[in-house]
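There are two complexes below, and they share chain A, which is joined by chain B in the first and by chain C in the second.
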Partner chain A sequence: MAASLTIAIMDAPFENARTVTVFRLVQAALKSGHDVNVFAYEGAVGLSFARQAAHANAVHGRDAAAENHPLPRVWIEQLLGLARKSGRKLDWVNCGLCVDERGMGEAIDGVRRGTPADLWKMSVESVNSLTVGTR
Partner chain B sequence: MKTLQIVETAYRATVEEQDDTIVWLTHAMTGAGGQFGMLLTGNAVCYAVHGQQVPKLTIGEWQQSHAPDLGADVSALVAKGVSLYAVEEDLEERGLRDAKLSESVTVVPRDELPRLFEEYPRVWKW
Partner chain C sequence: MSRYLLIESQDSFSSNAVQEHVELAVALKRAGNEVTLYLVQNGVLPCRSGADGEALHEAVAAGIDVLADDFSLNERGIADRDVARGVRPAAIDAVVERLAASWKVIFL
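Our next item is the complex of A and B:
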């Protein structure tokens, strides 16, 4: 059984570089043979919102296909796929109350609803944990 | 496993949430069996000031039923067994060193923080 890491993240999508850093950390952890638990808290539950949509960008002079605008839900799907292919586990848990507050119940497949008790349990079972608070 | 929650960001969406998100999270995880301490740093040391109040919000005809009560929320954590600390220099910088603080808070000079961290196998900074 691989050692697992737990990461808690709070930032909403498209707000700051901490989010990208967390995705890169998750990817690096999976590639180095770790299982990863992510607890998405507050605005971070929006990262897995299924209705995120790419758009064209007139300033860049590109249509939606050419712009290929980054979507965090796609990144999560990619990380879930990476975990499957490499025999690792990525458990992505959204805080249920945070989801309800924001009406973001439509998450992509592979993401589950949970509570702070899940964060506590996952962290206790992990070799280490990282909290990425918002500012 | 004891975990020290370090709270620095203060009053973030507290009117909307009717609490502080990390104080609330700590309440919830304590209820799930977790063992925690809480260190207030930066602007969050204000949470240790006794008697602070915020009026209930009114927008149009909508009136808030429960305004946040952060002092009570951190005191309630202490009642659940959570040790509460505040950084002395952060209180001083905000003119709060002589303010009436919650009786349950332990004021810790910054140079003693490493000793405090040693007491906790895990430290979470928010």
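Our next item is the complex of A and C:
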């Protein structure tokens, strides 16, 4: 049965395997027919930062295309696309205070700015919530 | 009775907290709860047969359902046949299913 799930994530991009685990969790939940809310706070607001750029790898002699450096914003775009394609909801909310602290106001389309009150509301309206904190 | 899912992302070789997490899982189980331990990321390292320590044996012996994330196993070159007895490889859907079924889920 379809459910609504909320996940709070704290890790900054390019830092920890927890980020990939959360992305996989969101993907699996959407594929299973669930709606997903994500509340990104602290460094995790950088996951959807629109100005992330792939780079070359001079050490290995590869240009940016050959290096194919994975960017979290692209993965989030793909998750948003998966939600649209499968008729599910993926509501990705960045904590506004955390965004302002870091000057990361430019998020990709489909990601919105919010407050901890949004996390409370999403949690109340979900069957379950999971916090994936930084250690 | 409640149902608990503990997601262990750390390995016992680099963090002493893992032993405490297993003790929590075992205590929850002995208190009459249903408990699943889902190993993910480096959390799967101690489930290699031969490298599995006391903590994992304790969890399995207590009747805890111990699952190892298949993606994390593959990333680390651990084949299903190399996984310690009592531990089952599982897709991350196992987490989704328990979240959707209102299990109490903790990411460790």
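Keep this in mind: the second predicted complex is superposed on the first by the 133 of 135 C-alpha atoms of A that agree within 3 Å, B and C clash if a C-alpha of one lies under 4 Å from a C-alpha of the other, contacts with A are read in each partner's own complex, and residues count from 1 in each chain.
Methods note: a contact is a pair of C-beta atoms (placed from the backbone, for glycine too) under 8 Å apart; a residue touches a chain by one contact, two chains touch by 3 or more.
Everything quoted here is computed from the prediction, not taken from an experiment.
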{"item": "Contacts of A:86 with chain B and chain C, given as first, second, both or neither", "value": "neither"}
{"item": "A:68 touches, of chain B and chain C: first, second, both or neither?", "value": "neither"}
{"item": "Contacts of A:121 with chain B and chain C, given as first, second, both or neither", "value": "first"}
{"item": "Partner chain in contact with A:133 - chain B first, chain C second, else both or neither", "value": "both"}
{"item": "Touching partner for A:25 - first (chain B), second (chain C), both, neither", "value": "second"}
{"item": "Which superposed partner A:10 touches (first chain B, second chain C, both, neither)", "value": "first"}
{"item": "Partner chain(s) touched by A:34 [first = chain B, second = chain C, both, neither]", "value": "second"}
{"item": "Which of chain B and chain C A:78 touches, first, second, both or neither", "value": "neither"}
{"item": "Touching both chain C and chain B, counted on chain A across the two superposed complexes", "value": "131, 133"}
{"item": "Residues of chain B that touch chain A when the two form their complex", "value": "1, 3, 8-9, 12-13, 21-22, 25, 28-29, 31-34, 122, 124-126"}
{"item": "Footprint of chain A on chain C - complex, ascending", "value": "9, 40-42, 71, 91-93, 95-97, 99-100, 102-103, 105, 107"}
{"item": "Touching residues on chain A, where the partner in the complex is chain B", "value": "8, 10, 41-42, 115-117, 119-121, 123-124, 129, 131, 133-135"}
{"item": "Complex contact set, residues of chain A against chain C", "value": "1, 3, 5, 17-18, 21, 24-25, 28-29, 32, 34, 127-128, 130-133"}
